[in-house]
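In what follows, chain A forms one complex with chain B and a second complex with chain C.
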Partner chain A sequence: MAEYTVKDKLSFLKAAAGSGRRLLAPSSKDGRVRLAEVTPDRVAFDYLNTHLSPKDAFFPQTEKMLAFHKDAAKPGAFVYQPLGLDKIQPTVVFGLRPCDARGLAVCDRVFQNDRFTDPYWKTKYEGAVKIGLACQAPGPNCFCTAVGGSPFGEDGLDVLAFTKGEGLGLKTLTPAGDEFLKGLSGLESGGAAGEMDGLKKAAESRLPGPLDLAKAQAAPVMEIYNQPHWKETADRCLNCGTCTFFCPTCHCFDIQDEENERGGVRMRNWDTCMSWLYTIHGSGHNPRPTKTERVRQRFMHKLKYIPLKQGGACGCVGCGRCVQHCPVNIDIRAVAVDMSK
Partner chain B sequence: MTSLADLNQNIQTAARRALADGRAEVVFGYRQGTAPFTAAPHFARTPEDCGQFVWTSFARVNLAAYLPKYPGKVALIARGCEARSAVGQVVESQFPRENLYVIGVGCQGMVDPEAVLAREKRPIREVTEDLTTINLAGDGWTASLPKAEVLRRNCKTCVCRTPKDLADEMLGGDAPPLPADDFADLKALAAKPPQEKMAYFKGLVKDCLRCYACRQACPLCYCPVCFVDETRPQWLGKSNDAMDTFTFHLLRAFHCAGRCTSCGACEAACPMDIKLREFNRLLEEEVQKDWQFVPGASWDQKPPLTTYRPDDEADFIK
Partner chain C sequence: MHNPYLPYPVRIAMIRVETEDKNLRTFKFEFLNPGDEEKFAYLPGQFAELSVPGQGEIPIGIASSPTEKGSVLFTVNRVGQVSTFMHCMKEGDIMGLRGPLGHPYPLDTLKGKDILIIAGGFAVTTLRSTIVWMLQPENRPKYGKITFVYGARTPGLLLYKEEWSDWQKRDDIDVHVTVDREAPGWTGRVGFVPAITKEVCPPPKNTAAIICGPPVMIKFTQPVLEEAGYSTDDIIMSLENRMKCGLGICGRCNVGPEYVCKDGPVFTLTQLNQLPKEY
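So, the complex of A and B:
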């Protein structure tokens, strides 16, 4: 893999935007930083992380899956309208934080694996060159290092960048990253990797040490499932969906049809396991009847089921968003400690 | 009250007393949060549990919202708005008065994290407080801000900072009263053409995610099935369609009319910082004007929109 430096961030972003790919990057709108399509001059650098996770670039809150309309020629028949996934333009995503890139990789293993391929996700995710921006000054709620990540982490990225004065240092991590940077003008070869090691150590030293998840991950599922602390945590949980909507690894959705006399659309919307509606059956039976089962599900999924299914990868990447936004301070780090008792 | 430490002591003592006297099986209050600007609702069932109670300016919910259908006797460490909302739960038959013991605390107001962040741009790693100031610390710096300058919007016009008339027992000194909301901005808005009003309200909720933290935090939203969650048939679309989102907010506001205590939990819980109370304030003003009714001020007066009298005005039915 290759390393490069650029003297000026803006000319790099201009080159990236001129590559034929759409540029998605963090920018500020109404005082909040979010990942969106943006012109190079508006890309933000002075952010801890984006307010919402970047997952909606690949898995939007509402996504059309198909559309249909009434067949004018044949009564009672409908015509399927393809959505044109093939017309989705490839992107270059700049400024992903390493925790979020790792979170997207967790989602990727859900949406694409040996059993399924989700075309909606695949088209956008694989069509993106993902350039991460390392965290040289991690935020107050960050704990990537507690769950196996790093502020200079490389999982899920094609290129890792860090700010170097007015410019950037860049390290390619995949053939796609290599390919992309090779085609850009204004890059100087070398001068990044050595410096990166020192910066990485410095940034990591400002973050918490690892959470002790070994015990919870080694114990049989039912042992953790039956622990008494779930009810106590659930007592104060509001069962709002905030934690799930902000989480970069939460990926559940609900499929809905909306139609009128002329036709309709099928779409999927973010759903949340914190809602009773998520599990209620047509019969009226609800297998997760109270807050306790719902709260347990969220944390078991993050800290037990995902590691089981994804070869040990933690389902929480330590972005800290749920910790910051939960109105009743349910802190996944504290839950992890309870699970390991 | 001389210090926050004293107030915390008094709260813990009162909580232990309520458990020991058999007035309550559980005491609702707050304990310290695990991250800056957070506090955790704390439900104490033993004298040891009571040792974690603190007074906090970062309460983001309303403890009265936990009352509906809560089994057993509850003592509530209550700010003014929480005491009013608890009264509301009793008046609306969601919780029996005889199972409720209100420990009122004179309240100088909650702090709005967004207001702090607007003034302090450096990353804040630690937040502590005493009675009238909050203390911030970052990498190699510290700073203090008077709470009065960074209050939550609703706390700036609170009419019940000292819930003496509602509480079974009071702690802390009286908090000096504040001028009530004069609704001046809303009166100005009301004079505008309908399109402008519509644009204003649509603009308020344009970033809404429909996570429903506002509804879940609200002590009034105790319906077993909210209209947005109805599925047989489904009442409202589930996508982030602007009209569906707007409908949620508009209908919720009407359901809260004449019941909202301006506790601000909806706004404090909202992760998108949406000014939800703008919908409610408008209706609050109407209810005050037409029925001289203040929600949560009396243990036996029902909210006007939940009562019926044969001599109610009916001239709008043509």
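So, the complex of A and C:
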């Protein structure tokens, strides 16, 4: 794979925006940085991370999937047809943080699992060139290194960039990344990888050391499931769902139909396993009847079930969002310690 | 790219009220587009999402056998939004069918064994499929003795009377249909499923049991089989959980690390003993 430098960030972003792909990048709006379609001059660089995780770019909070009409005079009445799949624009995403890119890779293994492929995810996710921006100054809530990641991590990225004075250093990680940078003007070959190693070590030294997840991951599911600490965490939890909303690896959704006299749509919306409605059967029976089961589900999913199903990959990528936003200060790191006792 | 969310359009070819309380109706669907029936290739034990435009989708076990060509059967209990709407639909109406989903019963690993099939209430659906399939001349020699125990609260709540009456006349399947208590006009067995199972279950050596029924029936039948010496590997069950995608993606239906939709709904008791009882 190749390495490049550019002297000026803005001219790089202009070249990227002129590549024929739509540019999605962090920018500030109402005091918050979010991933959005922006002009190159509006791209933010002085952010720890985007307020919301970037999952919305590939898995919108609400997404119409199918539509039908009721006009018996026309063919296909009451027959659902796919929506949106033919309108996916080729995109370049700039400024993904390495934790989030790794989180999207966790989602990718769900949306493209051993049996089924989700075309709404795949067309957007694989249709995007993903350029990460390394964290040279990690924030106070960051703990990627505690869960196997790095501020210069490469998982789920096509290119990793870092700031180099007024410019950027760039390293390509996949054929798609290679292809994309080759087509841009104003790039100089070389001059990135050596510097990157030093910066990586410096940034990692400012972050916490690894959590000891070995015991929790080696023990049988039921041993961790039956530990006594779940109720204590659940006693504090409000089941508000803030954590699942912010999390880059929370991928659950609901499917709902809406209709009027002419036709209707089927759409999906983000959902949360913290809600009691999530699992309740039509009969009224609820397999996760209390907060304890629901809180346990979220943490077991991140730290036990995902690693079991994804060859050891942790379901928490250490972005710190749930820790920062939980109204009652529930900290997944503390839960991980309890699980490993 | 195949879109697993897109239902095949189907026409309701037949609706039959199954039970005296009218809460169960069997729907027979025919595919609108030629070729879709081949794409919907299924085996007994799998389920599908019945997709009602504008209303939503419900996961329902496939009650027909793939050997019954030309249509697919489902029996739907009236519960909430979608199932109630379906109970008001008419023959000829257009809706959708998405699947097949989940894994079938392990028909291959069951080869050469005696089979005990235990059903309670309307959970008999995918077992109807299994029996019809096993009784086909090309499949019947693959299995040993087949014993079928089926119970409901009253005679009027038993599904598929025509089918099991026919099976009762055959000599290659033992059929024991029972109701909870005496009822006018009922000349068959009386008693709960666990008690009948205890009486008729074949010796555990080389027998596998498939059980589907309400939680209380399972709770009392499981110990009967374990006492009779059945190994937990030979006790096969099918789970139900609330579902949306049916594809192992939306996250809704997990039991521990397994998604009931994608990794199940069929599990052995050995597998279930290692999982949380979140179903």
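Everything that follows uses one rule, which is that the second predicted complex is superposed on the first by the 331 of 341 C-alpha atoms of A that agree within 3 Å, B and C clash if a C-alpha of one lies under 4 Å from a C-alpha of the other, contacts with A are read in each partner's own complex, and residues count from 1 in each chain.
The working rule: a contact is a pair of C-beta atoms (placed from the backbone, for glycine too) under 8 Å apart; a residue touches a chain by one contact, two chains touch by 3 or more.
These figures come from a predicted structure and were not determined experimentally.
*Asks:* Classify the contacts of A:K74 with the two partner chains as first (chain B alone), second (chain C alone), both, or neither.
*Replies:* In the superposed model, A:K74 contacts neither chain B nor chain C.
*Asks:* Just to be sure I read the superposition right, which of the two partners does A:D254 touch: chain B = first, chain C = second, or both, or neither?
*Replies:* both
*Asks:* With the two structures laid over each other on chain A, which partner does A:R333 touch: chain B (first), chain C (second), both, or neither?
*Replies:* In the superposition, A:R333 touches chain B alone.
*Asks:* Scan A:K341 for contacts with chain B and chain C and give back first, second, both or neither.
*Replies:* After superposition on chain A, A:K341 lies in contact with neither partner.
*Asks:* Could you say whether A:T279 touches chain B, chain C, both of them, or neither, answering first, second, both or neither?
*Replies:* Touch status of A:T279: second partner only.
*Asks:* Could you say whether A:H325 touches chain B, chain C, both of them, or neither, answering first, second, both or neither?
*Replies:* A:H325: touches chain B, not chain C.
*Asks:* Between chain B and chain C, point out the one touching more chain A residues.
*Replies:* When the residues of chain A touched by each partner are counted, C comes out ahead.
*Asks:* After lining up the shared chain so the two structures overlap, which partner does A:N269 touch, if you call chain B first and chain C second: first, second, both or neither?
*Replies:* A:N269 contacts chain B only, not chain C.
*Asks:* Contact-wise, after the overlay, does A:D235 reach chain B, chain C, both or neither (first, second, both, neither)?
*Replies:* The answer is first: A:D235 touches chain B but not chain C.
*Asks:* By the touch definition above, which chain A residues appear in both interfaces, chain B in one complex and chain C in the other?
*Replies:* The overlap between the chain B and chain C interfaces on chain A comprises residues 254, 256, 258, 280.
*Asks:* Inside the complex, what are the residues of chain A that reach chain B?
*Replies:* Within the complex, chain A contacts chain B at residues 30, 48, 61-62, 137, 139-141, 235-236, 238-242, 245-246, 254, 256, 258, 267, 269, 272, 275-277, 280, 320, 323-331, 333-334.
*Asks:* Which residues of chain C touch chain A once you look at their complex with the stated criterion?
*Replies:* Within the complex, chain C touches chain A at residues 1-7, 9, 32, 51-57, 79-80, 83, 93-96, 215, 240-242, 244-245, 247-252, 254-257, 262, 274-279.
*Asks:* Within their complex, state which residues of chain A touch chain C.
*Replies:* Against chain C, chain A makes touches at 65-66, 68, 76-82, 85, 110-111, 113-120, 122-123, 220-222, 225, 251-259, 263-264, 266, 268, 271, 273, 278-283, 285, 287-288, 293, 297, 300-301, 304-305, 308-309.
*Asks:* Enumerate the contact residues on chain B facing chain A in the complex.
*Replies:* My answer: residues 33-43, 60-61, 65-66, 123-126, 139, 207, 209, 211-213, 215-217, 229, 231, 237-241, 265, 268-269, 271.
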